[in-house]
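Order of writing sets the labels: A, B, C and D. Residues in every chain begin at 1.
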Amino acid sequence: MSILYFFLYLLLVTIIGLLYMGAARKITAHIQNRYGPPVYQPILDVLKLFAKKDTASHGIMHSLGPVIAYTGIAATLLFLPLGNHTPLLHFNGDLFVVLYLLVVGPLGMALGAGESANSNATIGIARALSMMLGYEIIFFMATLPVFYHYGTASIYRVIQAQGAFPDWAAILFPISFIAGLFALQGLMGEKPFELVVAPHEIASGPMVEYGGKYLGLLQIWHAVGIIVETGLFVDIFFGPQSILWFFAGTFIVFFATVIVNAVMPRFRIEQAVRFYWGLPLLLSILGILQVYIWR
Amino acid sequence: MAMFYLLLLLVLVGIVSFVLGPIKVLRNIIAFLGAVTAFFYFLTNIKPGLIYSLNIRVYNVHFEAGFSSMFFGVIITALFIIFLIASFHEENDGAYYLFAYLTLTGALAVLFAKDLISFFFFFETMSLFSFLMVLKGKSDTSFRSAFKYLVWSVFGGYAFLMGTFLKVYYTHSVMIGDISYLAGGVKLLILILLLAPFAVKAALMPFHLWAPDAYKDSKDTFTVFFSGGLSKIGVFGYFLVLFKVFTEIAVKYPYFLKAFAWLGAITAALSGIYAFMQDDAKKLLAYSSISQLGYVAVGFGIYTHFSVVAALFHALGHAVFESLLFLVVAGVYYRTKTTDLRKMGGLIKRMPLSFIGLLFGIIATSGIPPTIGFPSKWLLYEALILKGDLLLTSLVFFASITAFLYSYKLVHGIFLGKLHEEHKNVKEAPLGYAFGTVVLLVPLLVLGIIPGLVIKPIDYIVRFYLKPELGYNLANMNTPLGHVNFPVVGLVMGLTFALSLFIYLIAGKSYRAEQTDNYTATEAIDEDFELHYAGEFYGFMKKAFGRPLTWSFEKILNAFLKLFSFLGEVARGFYMGDARVYLFYVIAFFALLAYLMGGKL
Amino acid sequence: MNGGLLFYGSSVFLMVMGIFIAITGKHLIKILLGIDLFDVGLNLLIISFGYVNGGTAPIFSKYPHIFKNVVDPVPQALVLTAIVIGVAEMAMGLAIVMKIKEKFGTCNIAKLKELKW
Amino acid sequence: MVSPILVIALSLFFAFVIPLLGMVSKKLPRLVPPLAMLVNLWILITNIKFVSRGAMLVTTAGLKPPIAINLAIDRFSLLFVILIQLIGLLLSVYYLSQDNRDQRFYMLFLLNILGASGIVMTGDIFNSFVFLEILEISSFGLVASKKDRKALEGGFKYMVIGAIGSSLYLLGIIVLYLTTGSLNMAEIAKLMPHIPESIKLFAALLLLAGIGVEVELFPLNAWAPDAYHGAKDEISTQLSSIISKAGIYLAARIFFTIFNGFYALKIIFYLGVITFVIAELAALMQKNVKRMLAYSSIGQMGLLMLILSLVAKRGDVFVITTVILLALNHAFGKGLLFLSLGALSGGNGEYEIENLGGNGRANPLAGFLFTVGALSIVGMPFFFGFWSKISALISLMKTNVIYLIALVLVISLVEIYYYGNVIVNLFRGEGKKYGISIVPAAVMILFALFVIVFGIWPHPVFQIAQSAAVSLIERTTYISSIIGGM
């Protein structure tokens, strides 16, 4: 029974993620003075992709790549508290479990895309991994003061320790929060850090050789990814006390990134990495200093 | 006595395999049986607390087996068997096995040594014979590397000897024992000197310069033992010095520990960066090995109960996954005769087992659950945050991100991408390599899911010295900060994988496409088209990081060498005259003496 | 210390001259001669150490009471040995110089510069 | 028991028999030195059990000391004379395989051994001068015996310095004689407390000049690299294994037994340190392996003298034991290095590292032996050098000069550096193959066996060295056993 509950939970989050993607397209379209597709369009896309026959595969790892990617993000989701709502098998959602599981997704995609022997895909992966050297560390450093302040490594306990509006970690640690926002933009792979996919340069990068059900899996990976990434951010900085607040928070954060995405141009890869090693790094270090001073 | 018999057995097996050198089959059988016998003899007969003194008249050699020596001894001996089985595929002479066995003898004796002089003796033995092993390496540059390795190891050994003499001078005892009661700064000096050889063995920056070259140029199978096994002597030494020789170090020298931890983190981070800039698989792995050992140093530097548990667990993990990676690369070299990432690619279809080995190896290296790399990293982070050094934590985290970068570069360079024409008919690595790969995969996964199996003995080692803070049973680990149930993590991953696989299977069919059947905009591609992107893989990082990447410890070392060469030139200049000049020296010498002693004459 | 200042002075002068010649000389034989001069000076010095003003030779005699003022015999014996040794040394040295002349074609010490590296 | 004086007498006899035999047959002279050494060794071995802690007195001309010339042999001297004769035997066996030698060479060789043995056995200080001169003159000849430009140049340099040094040594003896009225070592030692300090210092400095040349102390050792470099490999072996050992003995005997420590040892201490450092640093930059070995040899002697001088700080048996161990390691290890270098270079004088590249691989035996020698000299475990080096460090610790341990270790690292460089180069690339005949190979293997066997089981050597050291340390016993009561 509980296993069924799991599947339903996962399905729900996937659908919500897809709806977010649709919303993003709609928002972008409005900013660019277009009408845009309906919000549920991504769901239709995914269904269509899954239904497609005759998909090209370059080998076993190429096929398994998207599977592993979705595995990784789904497992992460199961360790991430959605506000005060926690899945069955959680143990207070330890930060490091989440952070390390979060990498499984990109790794799976990278392994799969690598086997296709398409240089575009490989370049995309190289960019993705290099970007991690930028945003992951900033994200980590931005969240560290929060965990240190509340004396726990559990995301769930961090949420519980925060209260309603003025007790948010975002307000306690504004500098870290801003650094975290920078990192989130990279984590989501939105412009100006949209280097991995970069359709105009490397033909959507790792995705270039994927079609049909593989692309479908990657789509739902991306959809859950949106929830997990923004959710992690919201959990840590806003401490949502209910699942509704959680989704509201994620949507607001996502909305912000989408707007930035819509109006920004794209960095070059070395610019992006170097950017992260500038101001955001400084901010995150300042955030750490702040928690030291507070204590 | 058991310890002595064990060492004697190893020496004898070494000599017998040397004598049997040309008769290959018999030699291999003897060498193999010797290693296996030693392993089981170790497991059955050597118990913690066993003491033995060997009187060689001139000097008493004292042996004692402790929990820590048991722990490391089992790792080293087991890896030796794996190395040995794989090495039978290579062209080796009898002397190779003699040196290998003597290296093992030295390493085990170091673990057992109870007094500092024997410790030095066996440490030098190990260094000497492992130097000879590197000297017998495969490439033309192995000579240079072996030389470097020798000088560095001996440097470490001599620093240790200096520390020993200082210790004996002030305490009048050569036994390895507490010297915390000593007063003054000399203790700190002794501490640094005693740690030096282990920093060299465990390739802690700035003592790591020998490692990339020596790992690269030693024979591939030996590197498995070299990197996985012998570096454990360094970790053992950290433990020995920081716990057995200095029990109050955390109170007396907290800043030393802090510096040590930072050094470890810098090692981990910088080596990670160097690693993903390499284009040679073995060199990449060498830097990765250095990087991983950096975490161990961090664990020791934090000096709390579960940071040390994490360090020791990570040492075990390093032995497992780094050996696995080196073994797979050795197998690949055996088939393709290259370790250059740019010249390989697409081997996944030809060497699937090696691919699986490497895949799990890099997953463990990156610390992704459910593999052996995860529990130690998790514990380490908990310890770091609990300690409150957030910048250090960030540096360590940075280092573990570099692990993703070099890991992927490795697996992509060898197994993914386009299969090269000349590797079209490559076969799976031979049995010896495959055996090691499969054997190493077992602890890699089992200990990742049930780390409690070895946390218990490790806790036994550490509990004696530090207040136990870590709650654990077979499945769970509890720290004041958090709690992880490792089997559940594994289970969740398994479940979600099943789900994803289910989605994959119910969705539409797919067909197998050729590698040339690719999207390349309008470019027409054929077999000759270079699809494999492996060289300059992270080339743009040079632009991003710029100058710091070109900094290197080697420059400092070179300046030092230059100083010595200058002094040497000056000294040599003295001996370049003719007879009259020499005569003048004599007279001048007496004139000087007469002047100096003028008052006394 | 019965020798006069003259003996000591001249022998020390000889020694210093010998060393000076050996250090400044360019010709191999000149250097050898300098060393020899040094030896001679040394021998003279030793003799003069044992010298007794107005003394007689240290010879065993039936009438020991006549020879009250006997010079010390030991230095003389030593010097005899030293002279012999000096000769041997000179012989060896000159032999080497001969060979050097044969091989190098010169006796200039500044040209003997094979041994540097 | 056979009188040890026969060692000297027979050597002399054999030396002068050689030309006569040479008239009979070209091949006979070659056989004389081994025979002489064997007889000598036999004589010495029969004497072992008669030599007790004190000195065994061998009188000449039927007169008791302090009047006549006599030999005074204690265990310390016996050890050194046996060492010298043993190495002499090994070397003379080595010469058996070479048939292009002049008979005069064998005479010089025998005289050289004779001089060294004489220095070690004599109880008369002037006699030691005579033997020193015999030793030196014959070694000039030996060095120059190669008769090429380098050998002649080295020989000439050695001669100039040696002649001046020994003359100063003679002057020192005379000064001692004038103040004590005796030439007997024991007698002088007995009277030493009565000599004024300034005279003592003056005499000591002069004696140091003569000995310093032999033991290659810093400003007096400039000849050494040239002589070692110019000479044949076997002669270099002889220089390092025999001649310098006689020098060490003389230094110990004079500055410890006669002067009883004193100021001179302090000078030796500083000179030893300087020698050690400068020579090893000079070796670091040396491209010519033979000259490098020469510098290393000088460095080793510096270490040895520095340890020897520590006996002044505390008359410790262990210090002298260490000196003996170092001397043995140097004698066998360095001898092995020179001989195997000869085999590696094929005897054609190409000693540059580049020219030797790969020769160790082409000539595995010689390469192995060179490696063994080098590892022993640098003090690697399982070689005799390990024990001597550890003992040296323990001596330094026991005498409270702990900072010198650091220096010795740093310099040892330098040693490792240049020896390691040579070893690594020997096995790199393709080298030239030279044959090695069985006799030299056997001799080298014997050298190597000493280093390895006693490296694994050092106890016998330690015991012998210790009893010899005890014999030296107890100087009152030595004195009273020669001239009675003190």
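We adopt the following convention: a contact is a pair of C-beta atoms (placed from the backbone, for glycine too) under 8 Å apart; a residue touches a chain by one contact, two chains touch by 3 or more.
For clarity, every value in this text was computed on a predicted model and none was experimentally measured.
S.K.: Averaging each chain's C-alpha atoms to get its centre, pick out the one most distant from chain C.
M.R.: Using the mean of the C-alpha atoms as each chain's centre, the farthest one from chain C is A.
S.K.: State, to the nearest whole Å, the distance from the C-alpha centre of chain A to the C-alpha centre of chain D.
M.R.: 79
S.K.: Just how far, in Å, is the C-alpha centre of chain C from the one of chain A?
M.R.: Computed value for the inter-centroid distance: 99 Å.
S.K.: From the C-alpha centre of chain B to that of chain C, how far is it in Å?
M.R.: 69
S.K.: How many angstrom between the C-alpha centroids of chain D and chain C?
M.R.: Their C-alpha centroids are separated by 28 Å.
S.K.: Among the residues of chain B, which ones contact at least 2 other chains?
M.R.: Within chain B, residues 578-579, 583 contact more than one other chain.
S.K.: Show the residues in chain C shared as contacts by 2 or more other chains, in ascending order.
M.R.: 19, 22, 31, 112 - these are the residues of chain C that touch more than one other chain.
S.K.: What are the touching chain pairs in this one?
M.R.: A-B, B-C, B-D, C-D
S.K.: State the interface residues of chain A toward chain B in the complex, per the touch definition above.
M.R.: 3, 6-7, 10, 50-61, 63, 66-68, 70-71, 74-75, 78-79, 89, 91-92, 94-97, 100-101, 103-104, 107, 110-111, 114-120, 122-123, 125-126, 129-130, 132-133, 136-137, 140-141, 144-145, 147-148, 151-154, 203, 208-209, 212-214, 216-217, 269-270, 273-274, 277, 284-285, 288, 291-292
S.K.: Sort out for me which residues of chain B touch chain A in the complex.
M.R.: Touching chain A: residues 345-346, 348-349, 355, 359, 363, 366-369, 374, 377-378, 381-382, 385, 388, 390-391, 393-394, 397-398, 401-402, 404-405, 408, 411-412, 416-418, 479-485, 488-489, 491-493, 495-497, 499-501, 503-504, 506-513, 515, 517-521, 531-533, 537-538, 540-541, 543-545 of chain B.
S.K.: Touching chain D in the complex: which residues of chain B?
M.R.: Spelled out, the residues of chain B in touch with chain D are 56-58, 117, 121-122, 124-125, 128, 135, 140, 143-144, 146-147, 150-151, 154-155, 158-159, 161-162, 165-166, 168-169, 564-565, 567-572, 574-575, 577-579, 581-583, 585-586, 588-590, 593-594, 597, 600-601.
S.K.: Mind listing the chain D positions that touch chain C in their complex?
M.R.: Chain D residues touching chain C: 126, 130, 133, 136-137, 140-141, 144, 147-150, 152-157, 159-160, 163-164, 167, 170-171, 173-174, 177-178, 183, 225-226, 229-230, 286-288, 291.
S.K.: Within the complex, which stretch of chain C touches chain D?
M.R.: 1, 19, 22, 28, 31, 35, 38-39, 42, 45-46, 49, 74-75, 78, 81-82, 85, 88-89, 92-93, 95-97, 99-100, 103-104, 112, 114-115, 117
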